[in-house]
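Before I ask anything, here is the structure I am working with.
Labels A, B, C and D are assigned to the chains in the order they are written; within every chain, residues are numbered from 1.
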Amino acid sequence: MSNSFGQLFRISTWGESHGGGVGVVIDGCPPCIPLSEEDIQTDLDRRRPGQSDIVTPRNEADRCEILSGVFEGKTLGTPIAISVRNKDQRASSYSEMKDKYRPSHADYTYDAKYGTRAWHGGGRASARETIGRVAAAAVAKKVLATLFPELEILAWVQSIKDIEASVDADSVSFDTIESNIVRTGDPDAVQPMIDLIKATRSEGNSVGGVVESVVRNVPVGLGNPVFGKLDATLAQAMLSLPATKGFEIGSGFAGTQLTGAEHNDPFFMDGDTIRTSSNRSGGVQGGISNGENISFRVAFKPTATIMTAQQTVSTSGEDTELKGRGRHDACVLPRAVPIVEAMTALTLLDHALLQRAQCG
Amino acid sequence: MSNSFGQLFRISTWGESHGGGVGVVIDGCPPCIPLSEEDIQTDLDRRRPGQSDIVTPRNEADRCEILSGVFEGKTLGTPIAISVRNKDQRASSYSEMKDKYRPSHADYTYDAKYGTRAWHGGGRASARETIGRVAAAAVAKKVLATLFPELEILAWVQSIKDIEASVDADSVSFDTIESNIVRTGDPDAVQPMIDLIKATRSEGNSVGGVVESVVRNVPVGLGNPVFGKLDATLAQAMLSLPATKGFEIGSGFAGTQLTGAEHNDPFFMDGDTIRTSSNRSGGVQGGISNGENISFRVAFKPTATIMTAQQTVSTSGEDTELKGRGRHDACVLPRAVPIVEAMTALTLLDHALLQRAQCG
Amino acid sequence: MSNSFGQLFRISTWGESHGGGVGVVIDGCPPCIPLSEEDIQTDLDRRRPGQSDIVTPRNEADRCEILSGVFEGKTLGTPIAISVRNKDQRASSYSEMKDKYRPSHADYTYDAKYGTRAWHGGGRASARETIGRVAAAAVAKKVLATLFPELEILAWVQSIKDIEASVDADSVSFDTIESNIVRTGDPDAVQPMIDLIKATRSEGNSVGGVVESVVRNVPVGLGNPVFGKLDATLAQAMLSLPATKGFEIGSGFAGTQLTGAEHNDPFFMDGDTIRTSSNRSGGVQGGISNGENISFRVAFKPTATIMTAQQTVSTSGEDTELKGRGRHDACVLPRAVPIVEAMTALTLLDHALLQRAQCG
Amino acid sequence: MSNSFGQLFRISTWGESHGGGVGVVIDGCPPCIPLSEEDIQTDLDRRRPGQSDIVTPRNEADRCEILSGVFEGKTLGTPIAISVRNKDQRASSYSEMKDKYRPSHADYTYDAKYGTRAWHGGGRASARETIGRVAAAAVAKKVLATLFPELEILAWVQSIKDIEASVDADSVSFDTIESNIVRTGDPDAVQPMIDLIKATRSEGNSVGGVVESVVRNVPVGLGNPVFGKLDATLAQAMLSLPATKGFEIGSGFAGTQLTGAEHNDPFFMDGDTIRTSSNRSGGVQGGISNGENISFRVAFKPTATIMTAQQTVSTSGEDTELKGRGRHDACVLPRAVPIVEAMTALTLLDHALLQRAQCG
């Protein structure tokens, strides 16, 4: 259903930007996995705005609380409920939004679909909804670590507007990415990106970009034919994030320019291991992981909230103008990095449990 | 689950390239919809190879049979089983495949995952599996026609390798697309595309490309927040197709180069209707349709089956060489067009029923 | 999945007896339904122990909190999270349970399944888990009231041990049932039942019984053939409650003693309405409601927690004895009544939305 | 969904009594399981009418065909489609049914729900639908045999009308049950049951009864808390069968007459194994199997098709009379036995895969 993800490690998120809070319920978590609020808080802190001077100055503490499913520091196998209270809700920042639809936001579509909307903020479309996902993924990562200790999930900002990073997906490290506030894997791109974001912000404008991700030491056999393909699940996972407009894996759209002879990945024996000498497949063939690094990219549009005046309509059906106020993220890409990792972890774990179920 | 798609109009496909047949079971179809085998056969004929001299000379008649769920020419509301027998299975074309893994195919991954595979052909990864989807979509289209008579779903070949078509997504017609055997919407691109495919075929090579799709006269309100987003469902649907490597909607990856002020779609009143003066959103905002044309693109890699020699490994773990024989599609893009339409129809109908369930 | 119920009005409950709390997340609730914490609290108060002198003296205030999905007093259509904190957890009452398995409880099976258990109380098997269900059902009832204003769901205690109530299911009223602390619909059975429970309680023993339920003014057409049968869903719903051992609908087990000529319900015209002159079907035929009252019964075993000494084994695999301490419900039947109603409401609403989805 | 059962070993059945055929698609079957049409045919033959002179003289050969998912005698892990063609459809037997609703059948409810129905026979409500279930269960049994070689599923006719069999559930054998045409486990009840059925049949009447089932050598840990309880799943599985009116497990309804001290099952050590000295739990505690025999009973009403005249209404809303013609099963109990076993196998396997997924 709409607010659930996963078949066996199933997460159901809840919460809007200005309700009591946000959270998630995890069903199907394997038992006896060590888990504490600290495990989750670390990942929540990475996604939080206000971590640096290029992002919005909200002061959302976002402390998580585990309300069930854990006993004496380990998972019980029963549902794990994690909750984060909403604070710092300056409703007055948004009073104009009650009567106007912000362009390229979900204001109009929610109203049209439901006949109502939480006009205080982004409602269910708000990025605060991703807190539940990140919390659940922190748990998923603990489980994955017990199943595949070598598995490594990384994401980074590959481009912001026309600034392209130069990153080797097979070798970039978490430390390199986390060492800069834009979370790119290319030290030479850091300052240009920061400068662009600051300039954009002072103009009241916004920019988008591409987040790239790699998964290393992937077990073979994750994913299912047809609708349960690993890449299809990843595509759904990424396009379910706010502000996403595209997903590509391996050679992606660029690969459509190659011929089969140029594109195929030849197999060869590396000792007893079957490897491919190239990896345009992006680690997935026939929807199933082949052991090579999984490599994909997600396109994020420039954030719809901008401070310049825009033409729009009122909720009563009249042309009008809207000038933005309040919080304004000029670029969400750095915050999106841990969320892309989160969705990857959730996807991989669900497929790992499916594989264990069907094939032992 | 892996072989099912949809929550309310749920289809379960079955069948491999060389088993008894392929088919689909549709659960949740609204009752009293007129339906006959002819309705389905028309769409199946569109996807069939051997329709023109640029595609593989298989002679697969692919006659469908409705085995349940229809009575006196109308749907009963009970499951509709549609079956298509496999004929023309020249197993001898594939004998070498028993002991070797074809590069960039699913041979290795299926074997690694299941410990077995149907080496006769592509098995479950074969494009024959899409027959079930197209059959089910023929039914879905009949239902959609009763709910939204103006709704129009179109797809066409937007590019093959580096040949780019020039097509106006808002006005291209089905007749234009179907008038040429490459199913492109640009008359000027037809011959270059045909020439390229023929040349590629004679070289024993293959090419890929991009299929673009548009949906017109879309009702507002289809799609759900978060994991049930209309674009997330479309992404999963398209990436579940064989040979796909990417999905983008609206401005897609190119839109990441724009600023928010350049990218946002301003609202305006068109009489009593809320419209946007641009459509970089691609008709979906916050995961929900806003009434504008839905517009997306799917990347298809060049087919992995090529006739030239390739390095690979044997199933017993030794380096070896493979030289292709048998059937060879130099370019699957023209055949993919009706399948992209099919997945779009299935996605839209499922969301329409979900909307009817929740909001009446 | 295990902790979710429903396809369209989907509830996911969480929480154990001694964690932070219990709660539920509701996905798929129709929008614009008036909803407040008072609506839910009323039903929670009905299920609470400590309401009378025949039930356990726990003082669980059980105040609910709506954390999301509601705005300005109406549902948004987004997930509704409801939470109830656990208080009054006298862990010391249960210290012996760490090392021993209570007979006919879930202690052993949870430990064997998960390799761990929350030995503090009943854990996930505790009746506190039903709080989430009752809260969700309070919401479901509000929705049902908008769809079927005449629909009426009632349940009552039909028997406790060998004391059988005499109740006319077609006419018994909510007021009659709620007027006595055992929640039976037969005034003559009240005192015998109270006396039995008090006597049982003083002996440190427990008794079970049967809860009967009726649904009146049922719309025709709820339920689906085969696995989605309305009675099959009700059976699953009721057997998912703690302490249940049986479910029967209409003539139930007794009807197996009749011949077809004695058992069939003849149809007749009541004005323009199709009615049956008897109702051994219990309002469901072929898994679908026929408009007659739905009538079923649920068997509850005597509670496993008793104060007398019992033979059992320790967690280290040795024969031992266990003598109960702490809280002790001699009879859960009166508390089960609102929970049976809750599961009925959840089942009916889900089927109503499924019917609306498929047939409009 | 309505026509699917199971989360991991998911079966989707299709087909009505007078369409092209009936069948099932199995998704999620473990790979490399030996499987042939003979494995399935054996079980199909057991459920077929016309096996003896107490059941209806239809001559339905019911030969199954495996259309996918099996290769060189073993399962591939991909969907297994099994199909059985409908023959022997004497439509003329039912012409009167076009305009009249048969009492206690699904004629009226299907028409009211869908606005249409397959009046030729029982449509989707027909017992022919169970063919798909039995076929799928034959596959499930092969899988279960690889996981739990000692597991044994048995069912038998425990009573027909007021004739009660005397059977020891812990020791009755398959041979004893199959040795007589009523499939009871009590040799002394055989002739009385046969006589009753023959007499009933000659009167044009019908009788019902109770099927009892036992599962021996059950692994501990199958089932999930709350909505995924093993007994809740069994209840849904059994109530999804045609003509069922009740389900009880362990002590069932009779157990409600006992006190807790009388009802609880004490634990004791049998060597290193934890056992219970009684088994009123019926092998399930807290929704999870405890290793003791699972024991339950299913109530079957007397078949609604009788040959005597009945009051009913026409489809145009007028009181009328109906006198049955055509095929007539005086008692479906003997045929129900393999179907009850089938649903048990499907339930247990699904839970086994769920357990393997979550707990390894």
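FYI, contacts are C-beta pairs under 8 Å (C-beta built on N, C-alpha and C of every residue); 3 or more make two chains touch, one makes a residue touch a chain.
The chain lineup, named per UniProt: A, B, C, D = Chorismate synthase.
Please read all numbers here as calculations on a predicted model, not as lab measurements.
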Mutual neighbours - chains that touch subunit A and subunit B alike: C, D
Chain centres computed over CA atoms; the one at greatest distance from subunit A is chain D
Go ahead and note the Å separation of the Cα centroids belonging to subunit A and subunit D. 46
Rounded to the nearest whole Å, what is the centre-to-centre distance of subunit C and subunit D, using the mean of the C-alpha atoms as each centre? 26
How many angstrom lie between the centres of subunit A and subunit C, each centre taken as the mean Cα position? 39
Shared interface positions of subunit B, touching two or more other chains: 1-4, 7-8, 13, 28, 31, 77-78, 110, 113-115, 124, 225, 354, 359
Among line, ring, star, complete and other, the chain contact graph is complete
Could you list, by residue number, the parts of subunit A that touch subunit C in their complex? 1-4, 7-8, 10, 12-16, 19-23, 25, 27-28, 31-32, 65-71, 74, 76-81, 83, 110, 113-118, 120, 123-124
Residue numbers of subunit C touching subunit D in their complex, please. 1-5, 7, 13, 101, 103-106, 108-110, 112-115, 124-125, 129, 159, 161-162, 200, 205-210, 220-221, 223-229, 231-240, 242, 244-253, 255-269, 272, 274, 276-277, 280-282, 285-291, 297, 299-306, 308, 310-313, 317-319, 354-355, 359
For a test of understanding, state which residues of subunit B touch subunit C in their complex under the given definition. 7-8, 28-31, 77-78, 225, 353-354, 356-360
